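Quick one: the structure is below, and I'll ask about it shortly.
Think of it as A, B, C, D and E in the order they're written, each chain with its own count starting at 1.
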C-alpha cells in the first residue's frame, strides 16, 4: 500500500493549529475510509505528518520553523503541506523553501495579502503555494458589511479601532480606517496593541470620551479577553465588534458570560459551526463533533483545513498523477463545494471569498445573544438580524 | 565519595604539562598523539558526519554549527566579564546588514557576509558603548532589552520590510558550500579564540573579568578592551546572522528572538563555561537533541527542558570540564602513612 | 622639587568628611609613611591620588601634571602604582600570568617584548625578586590557592613590573608575620635605592618607623601631625589619638 | 571543652594540616600562633565546620578535593561531621579572616543579621555591648558595610560574631588592619569578655606580639604541624618565638 | 489616566515582588517564576471548576501548594548548583519551559480559562470607571509591599534572606543555614507569585504564553529598581507603569514597549546599578 504523505507544519499548540490538524485528520480519515485517492489507476491512502514548528509562539525564531518544514520535506518526504504557518513573516519565508523543493502547500492560517503579491511577482517560482483561507482584504470586507448595516439601521457613525499589532490585523485595521473615513464615519482613534498587552484602559478611555458607538477590535491573542472584560467594567457605552478570537467559539459564553451579550463577532470562514442555510457546514460540524467529542472554537483555520485535504485529493485525482506541476495546474482549476463555500482560486492562488457560499467561499458575522451564536451576515445564509443590545441607548 | 579508612583519593596530572597550561614538554609520539587526539577527533568526526548524513541532517548540522558559534562567542564575552543575554542582538544586526545589502544593493553573498560580519560587530559595539561601564546582570539586562527594542522599532516604523521582513534573498549555490563554509567558520572561530585568549593579549580580557579594579591599577584601559571584546564577540554572531540570512533567504524581526540568546547560554552551561570548546560541545548536544525530540511532537520542548535541567544538575561544572579532567588527570587511592 | 603635590584635597561621603583639606608634598626618592586610626581617610586619599575616586575639591600634581580627572589606568601609566589594602590578584590566573597584565600596559609594553614567552620571562624574574622561589612550583600556582603572604608580594611585584616611580603601598604588612615582613623590607629598600618614591600606609609602626623618612598622621580626615618618625613618636596628640601604647 | 584529634586536611594533594591535636578547656583563652600559610585558617574553618561546606561545594563543582581525617569534638560530642550552623547553635562561632561582612547592608543591619540565633530581647543588650567595644562603629550605623574602611570592617566582623553569644569564640586574625589603639582595646576587651561571660576563646594570629601576653595557653603551628605548645608565659619567654614572632 | 497608570504600576509591582524576594533579596535566580505564576492560575482554576471548592479556599490552597513547590525546586535542583548563577538560570529556565509546555500539552490552550473576580462591579474614580478588582490590586499591592518591607528589614528570617545573598559563608558561620533560608525564600517568592497571579489573573484569561512576559516584566522591574531594594521595585514599577500608560494614551499602544524599554535603558545608563542599588559603587570600592 502506498501513501501520500501530507505534512502539517504549524504551531500545534495554538488553537487554530490544533483544530486545523484535527479537521485535516478528519478529512483524511474520511477519504481513506472510502478507499483513498485514485492516482492514475492506483488507489493511494493519505497519511498525516504533523510537526509542531511553534512559529506562532513569540520567541521562536523563523529559522527554527523553517528547519521544521525542511524536516517534513526532506526527512518525512511529505508530498504537500496543509494548514501551514501562523506568522505572516514565516509564511513568506517558507514560500522560498517550498519552491526550492517544489512542494505544494495550501495554507489556512497566515492572512497577509503580501502572499498573493509575492506569488504574482514570480508566478513560475512560487506557484506551489496556495491559500485556502481568507486574507485580510476579504476579512475587512465582512467587517465593512456589518458596519454598513449598523450605520443604516442604528445611525452609528463613530468608531474606535483597536488591533493587535501584527501584520494581518493591522492590515484589516488600516483598510477599515480608510473605509470608515470614506464612508462618513468618525474614527476616534486607531490603536495597535502589542501582542501580550494586558491593559486596554488607555484606548477605552479615549473611546469613551470621544463618545463612540462602535468599537472595532481585531485580535487573535488570548489576552484580548481582557479587552472584553475591561470594556465591560469601564462601562464603555459602545458596541463591541470585529474579530476577537476568545469570542469566536461556543465556550466563550461560559468564560465571559453575560458580558458579551450583543457583541458582534466576525467569522473568517463559515463552516465551523452549523449554519442551517448551508448544509455542508452542518454536516462537517456534526462529523467533527462525532470524531473529536467537542466542537470547534476557532473561527479561523479549522474548517478550511478540512477543505484543503479535499482540494488536494480532487486535484490529484484529476491530474491522475503525483507530478506536482500537473497537480498545481489542477488545483488552480479547482471548483468544488467545500464547507467554507464554493472553492475557487484566483490568479494569486488565493481562495475567492464572497457573500454567497453557493458562489464563493464565505465568511460572516454573528452576534452573541443569550449564549447563542446567531449568524447575521451575509444575508444569503443569515439566520437572524443584528439587534441593538438592550443596554445600548 | 567513598571514604575508605585511611585512604585518600589522589589526583595527578597526566604530567606532560610542564608547570602551566601552554608550556608542553613533548618527548614522544605518544605524548604528541595524546595532545592531538582530542583536537583532531571532533574535527574529523564532524566532517564525516556532515558530509555523509542524509540531506535533512546536513541542515541540522548547519544549524548546530551556527548555534555553536553563538555559544562560543557568548563564552568568549563572558570570559571577558561581559555577561550577555543578547546574542540575538548581534545575530540580528548581522542578519539585517546582510539582508539589506543583498536586497537593496544586490551585493552578492561573498560580499554581504564579510561586510555584515565586520559592520555587524561594529554597529553592535557602538550600540553598547554607552553602557560598557555597566556590570554583570545590569549589562545583561541592557543586552536583553536592546534586541526587543530594535525588533519593536522595526515593527513600529516599518523599515527594512517591517513586520514581514525581507524574503527572497540570494541562497547559497548548494548544500556543500553551506556546510563547508559554516564548519570551517566554526572551527576557525573556536581555535582562533582559544589561541587568542591564552595569548598575552588575550589574558588581559580574562583579567578584566577576574578583577577590573586591579586591571585598571595595572595600567590597562579596561573600557577599550571591553569594546574590543565586544567587537570580536559580536562579529562572530553577526557572521552567523548573515549566514543564516542567506541560508533561509530571509531576514526579519524574528532574528531578534530570545532563542538566539538563550540557547547559547544553555549550551555553555551544560558544556562548561570558560572553555570555549565546552559551549561548542553543548551546542552539538542541544541542537541535534532538539531535532531528535521532534519525534515526541508536542512534548518536545518538555523533554528538552528536562534534559537541560538534568544535565545542569548532574554535571554542574559542565561536560567539557568533566571530560578534560578525566582525560588529563589520573586518580588513585593512596594510603595515609 | 616635590614629585607629588597634594593640595587642599577634600572628599566627603554623604555628610561624612573622609578627607578634609589635605595638603602634602612628597619629595622624590623618600619614603613617606601615613598612619592614623581606622577610617581616618588614608585609603580614601590613595584612591584620590590614583584616580579611583574624584575629590570634591583640591588637586594633585605629579611632576607638575594635574592628576584629578584622569582615569586610574592613565595615572598608573604615568608611573604611580598602588597596592591594594585587600589584595586583588587575578584569582583565576597563575601567579606569573598575573604579571602579564601590567607588563602589557602602555607604560611598559615597549620594553617587555612582544614575542612568545618574552613577558613570561620578565614576569618570572620579577617574581623571583619579590621572593617567589623560582625553581619551586609557587610562581605557577593559581593565585587563588596561594597563601596570603605571596599575594601581598604579588601586589608589590605588580608595581615593580609597571616600573612605577611612586609606589603606594596600602597596608602591605597587615596580615603578614614578622618573618614575612622582614623579608619584604629589603625589597622596599631596594626600590628606594633605585631612586623611586614610596608612600606606605601602615598600622605596623615599628617596621614603618625604621625605614620612613617622613610620617604624616591622619585623624578624622585631617593631617594632625607631620614630621620625622622621631618627632611623631614623641608627640602627645598623636599618642592620644592613635598610638595609645608603646610601639 | 574542644578537642581536635589527629586532624589532617588535604587540599587536593597538598597537606594543609598534618596530624594536629589540640584541646581547649572551658574558660581559657588559647592562641594559635603561626606564620603565613601555617594552616591557621584551615584549622579554624575545620573547627567551625565551614570547611565541610567548602568541601561539598567544591565537590559539586568538580573543583579541588578536600579530604579531612581525624576528629573534632565539642563538650564531649563528636562534631566532625556536624554542619556549621548546627555548630553555631552548639555555641561555636567564628569571626572569619579578612572581615567578610554583608557589604550591601548597613552596619546595624549586619549586626541584626548576626543576631539571627539569639533571642530578640537580647538584641539591644548585645548591640550596646558591641557599640561599647567599638565606639567607632556608632557613627557608622547607617553606612553600608561595603563602604567602611578595612579596619572598620574588621571591627564589625568581630562585633557580629559577638552578637551570637558564643560559648567558644574563634577569632581568625582579629588584629588584622586595626590601628594600635584599637588593637589594645580589643585585646583588653577579649580579657574582659572572658571575665564577664566566661566564654572560651581561640585566637589565631601571626602577629603574636599583642596576643601572647593574654593567652592562657598557646600552640605554635608551622606548615600545618604543631611546633611548640605551652602556657602563655612559656611561649612569651621562649627565645625562638621571640626571634620568629617579635622580630628581635 | 492617573488611576490606570496607578493600576498598571501596581500590577507590575505585584508581579515583580515575588521575583524580587528570591532574586533580588536572597540572590537565587528563579527563572521559573513566570511559569509558576501561570501554573498558579491554572491550579486555582482547576480547584474552582473541577473540585468545586470555594474561591477563597482554592486561592489559599494554591498559594500553599506553589510555595511548597518552590521550596522543593530549591531542595532538589537549585541546591546542587547553588552559586553557579548561570547554571541556576538555565536550570530554572528549564523548569519553566517544562511547566509551561506541559500545561500546553495537557491541553490548557484556548480562551476558556479565567478566574472570577473577587467582587464584581465597578466604581467611578476621578471620572473614570474602575472595576473593583483593580482597586483590590492597588490595595493588595500596597499591603504586600509594606509587609515585604517589614519582613525583610525587621524579621530575623527576612534579614537572613539578605545575609545569604551577600556572604554565604559568613551567614553560615553565624548560624544561618543558607539552604534552609534559600528554600524558604524560593517558597515564599513562589507563593507571592501565586498570590500575584490570583489577584491579577481575574482581569483577563489565563494563558500559557503570559508566563514568559511575566518573567521579563518582573526581571526588568527588579533590576531597574536595583537588586535587593523593595522600594526600588516600587519606584521602578511606577516609572515603567506610567511610561506605559502615558505612551499608550498619547502616542500609541504599539509604542509602549519601545518607550518603556527605552526608559529602562536610560535609567541604567544614568544609574548603573538601578534606581536604588549600590551594587556598582560597592564593587568599585577599593
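Simple rule for what comes next: a contact is a pair of C-beta atoms (placed from the backbone, for glycine too) under 8 Å apart; a residue touches a chain by one contact, two chains touch by 3 or more.
In this text the structure is predicted, and so the values were computed from the model without any measurement.
The minimal number of chain-to-chain contact steps leading from chain D to chain E is 1. By the document's definition of touch, common neighbours of chain A and chain D comprise B, E. Among the other chains, the CA centroid farthest from that of chain E is the one of C.
The chain with its C-alpha centre at the largest distance from the centre of chain B is D. Just to note, of B-D and A-B, the chains joined by more C-beta pairs in contact are A-B. Each chain gets a centre from the mean of its Cα atoms; for chain A and chain C, those two points are 74 Å apart. Averaged Cα coordinates give chain B a centre that lies 31 Å from the centre of chain E. Taking each chain's centre as the mean of its C-alpha atoms, chain B lies 41 Å from chain C. For this pair, chain C with chain D, the centres built from the Cα atoms lie 28 Å apart. Residue positions 60-61, 147 of chain D are each in touch with at least two other chains. Shared interface positions of chain B, defined as residues touching 2 or more other chains, are 152, 155, 213, 298, 301, 316. The set of chain E residues that touch two or more partner chains comprises 80-81, 84, 101, 104-105, 254, 257, 279, 284, 286. Chain B contributes residues 19-21, 200-201, 203-204, 206-207, 210-211, 213-222 to its touches with chain C in the complex. Across the interface of their complex, chain B is touched by residues 12-13, 50-52, 54, 58-64, 66-68, 70-71, 73-75, 87-90, 92-93, 95-97, 100, 112, 114, 118, 165-167, 170, 194 of chain A.
If you check the complex, the residues on chain B that touch chain A are 54-57, 59-60, 63, 152, 155, 163-165, 167-168, 171, 244, 247-250, 252-255, 257-260, 291, 294, 297-298, 300-301. Per the touch definition, chain C reaches chain B in the complex via residues 50, 52, 71-74, 76-77, 81-82, 84, 88-94, 96-98, 100-108, 114, 119, 137, 140, 158, 162.
Residues of chain C that touch chain D in their complex: 13, 16, 35-40, 42-43, 85-86, 145, 147-149, 171, 174-182, 203-207, 241-245, 247.
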